[in-house]
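In what follows, chain A forms one complex with chain B and a second complex with chain C.
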Partner chain A sequence: MAHSAINVFFAGNNFSRILQGLWTSVWIAGASLIIGLILGTLLGILRTLPNKIIRFILRLYLEFFRIVPTIVLLFLFYYILPRTFHINWPASWMAVLAFSLWVAAEFGDIVRGALESVPLVQKESGLALGLSRVQLLRYVLLPQAVQLELPATINLATRVIKTTSLLMMISIMDVVAIGQQIIEANNQKYPTAVFWIYGLIFFLYFIIDYPLSKWSKQLAAKQNR
Partner chain B sequence: MTKEVLRVEHLNKFYGDWQALHDISFTLHQGEVLTLLGPSGSGKSTLIRCLNGLEDFKSGAIYFKGQKVETNSKNWQELRQKIGMVFQSYDLFPNFTVLENILLAPVKVQKRPEEEVKTEALRLLKRVGLEKYVNSYPRELSGGQKQRIAIVRALAMHPEIMLFDEVTASLDPEMVRGVLQIVTDLSQVDHMTMIIVTHEMNFARQIADQVLFLENGKILENTPGEEFFKHPKTNRARGFLTSMDF
Partner chain C sequence: MSWQIITQSLPIFLKAFELTLWLSAVGIICSIIVGILCSLVQYFKVPVLHQIITAYVELARNTPLLIQLFFLYYAFPVIGLKMSAQVCGIIGLVFLGGAYMAEGFTGGFAGVNSSQIDDGKALGMNNLQLARYVVFPQGFALSMPALTANVIFLIKETSIFSVIAIPELTNTALDLIGMYYRSNEYLLVLVIAYAIILIPVILLLNYLERKVRYGTFGD
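Our next item is the complex of A and B:
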């Protein structure tokens, strides 16, 4: 009976396996975002310094991560780097590493842009009060930059979450990979399982990403007012 | 004889190849008010910004209380705690409340106890009639109110000199008087040493002990206040006063 294909969720431990896959995706995205945002803030600050060499190197770094497709990045970190440098980390850590460096590159650019768009007179009045460069950054520039960069940051987060669907390419059992296993295993019994499983995965991604994307749009609209 | 607070000697300032200030020299004594007048583009802002290190200069020297100012950023940071400045644009930090704006530098830079600074901040706010806005954010205030708070914020550092660069130029006319009154009080009640750039000629005449008249980056006149307005020495200054309806 085709319509009872929904039972595929409840066959064996399928449902808990899907949730487990989802958790894998979520923690990899979460860890990458946390590491990437911290690293990216530092990169963004460095990119506002007058030193031309630092700025040039960081610019190259950004362009590299922007141009190379994420899937290639994952292959690079999973197949090539471990072999060249004899690193023996689990695939999920390599994924976190690759994603963190990607997030850091993109977020660094967001931070740089936000810092640069804080009005000059804010910086000057901070200096005129005797604040040091570090105090100026900490109390005046970064707090104002955070406001400006929030929509772009949330947007980046939704992209990272979406991109976790590529994790199966480096044999990480993320939610998509597990979904496919279930579909293949149940092909005989539930031929339409494919719709249900992908439907569920779609739904799971949607309930995570949609509120984020909505939030970022709201913030952006508020800022443009 | 009052004490000398600031002395500028033969200061030359360039933007690229172009010379913005030519051989500027003057002296400012304790409690004196120096007014910088001159047409737009004459270099008033440039000069006042050189005095607290927001602009560098090519040659010449600045002496603060007889000591030559070493123009490195560390030293300027020290000195700016003694030289307050208020700008034309209302420059409060939008991410902080009024009180936080005032507390920031005294507490973080001068490391003074927060409670002590807070008491002082409230007293200063009362003095400018804004004590009820202590917990407001800058966006909730009018331009005139923001400008008064910017003055309070600078005063909370206990500066020995205050620099004012056209602090009323962006204000609605009805706001101007209140801000100028505060500056006048600072001179008359507190005997604050000040350098003021303004286009308000009545105010300048009333408050100036000394007028520097600038044009094209040069000092054309350095005259006691009253005399500048009664008997300007140069045709340029006369023309300027006429053009300002004075």
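Our next item is the complex of A and C:
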């Protein structure tokens, strides 16, 4: 039956539905990354300030996201926002919010690390030229930090993409949820459909993430040379 | 928020807590073993196996655990390989974790200063002696940060076991929320439970990392 089970991809509108599900996962990952990277840059800059209270609060914020598994994070937003704060957003917005805050925490740490590893002489030279704090950040520290943090940022992106597989847990119609529906609907006609559908989803995640992680590794190797 | 709800749920959470600890421990230990074996193959560039393991590491690292678990739990029975949810969970976690650990150890071995290897050669060591006395001890010390990150990552990944109905912490909390609709209480217990597991682990590993740093030379 194996030769016929692959037909499950093309039965009805299955294939376009899978692509639709993939698009849901992709836009949630994309939006979360964009918002998270912007917010994370701000957090990273704040964490290099000498103010101890700000640094302590931001450190707590980071550790919270390090300790709570992402799946639990999704549920925190999914249950607590509507029930306690009466915010009734669509589940996909909640996912974007949860992921963005998570990305911001992790990226903030990456930015902080990169800013701190810009050689001190660069900072001193900038100050000696009479640059203000903002100018120093804008023209000296951030451009160099961006280059340093690129491999870790790409890595973070691959993790966000993989984590979108959890979206179906808060009833978002992502690629996994649609795959499940197709499997259930075709169980009688194609008993091995489960193999092909999950195989396809596995492959889809791989072809998105593999080039990214390869790129990140190459960049890191170049920097270490 | 009601304390009564929380205290009533504690015995159930305690069971789930034990299961999460147990699954994490087995998963991490097996992952470290798989990781060491794979990184040895990578270090000595054993023909054929070397390529297979490179492919395995890339496949496991670039796909989500959830899909790996669905494959093991739902797709494998179709070809006649039926396993219990917990066995699937551990196999999935070790499949993923082994690849991460292999990557970490391989990176550690590669990070050993080349002057150390030259010195070893100058002393007349052969390749095996170099590996045993120079590269591995320093390589393991260098891979400690990666090991720490992976251990924390794998403990957190056990939360994904909830999708194949293993009654670990997350699954238990979701079950309770489904039954009694008290999401705030159960989610609070859930987050605290993960903190109780992870904070000591993070502190211990950071301490070990600092200790082991003395094991490297040549910089």
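The rule we apply is simple: the second predicted complex is superposed on the first by the 223 of 225 C-alpha atoms of A that agree within 3 Å, B and C clash if a C-alpha of one lies under 4 Å from a C-alpha of the other, contacts with A are read in each partner's own complex, and residues count from 1 in each chain.
Here is the rule we use: a residue touches a chain if its C-beta (ideal position, glycine included) is under 8 Å from a C-beta of that chain, and two chains touch if they have at least 3 such contacts.
Since the model is a prediction, treat every value here as computed from it, not as a measurement.
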Which partner does A:R66 contact after superposing on A: first (chain B), second (chain C), both, neither?
second
Based on the superposed arrangement, let me know which partner A:F75 touches: chain B (first), chain C (second), both, or neither?
second
Mind working out whether A:E116 is in touch with chain B, chain C, both or neither, as first, second, both or neither?
neither
Chain A residues touched by each partner, larger count belonging to chain B or chain C:
C
Would you sort A:S125 into first (chain B), second (chain C), both or neither based on which partner it touches?
first
Looking at A:Q147, would you say it contacts chain B, chain C, both, or neither? Reply first, second, both or neither.
first
With both complexes overlaid on chain A, does A:I201 touch chain B (first), chain C (second), both or neither?
second
Check the residue A:Y210 against both partner chains and state whether it touches chain B (first), chain C (second), both, or neither.
second
Can you list the residues on chain B that touch chain A in the complex?
52-54, 73, 77-78, 80-81, 84-85, 87, 89, 91, 93-96, 104-105, 108-110, 150, 153-154, 157
In the complex, chain A touches chain C at residues 66-72, 75-76, 79-80, 83-84, 158, 162-166, 169, 176, 183, 191-192, 194-195, 198-199, 201-202, 205-206, 209-210, 213
Which residues of chain C touch chain A once you look at their complex with the stated criterion?
58-59, 61-64, 66-68, 70-71, 74-75, 78-79, 152, 156-157, 159-160, 162-163, 170, 173-174, 177, 183-184, 187, 190-191, 194-195, 198-199, 202
State the interface residues of chain A toward chain B in the complex, per the touch definition above.
119, 121-122, 124-133, 135, 139-140, 143-144, 147
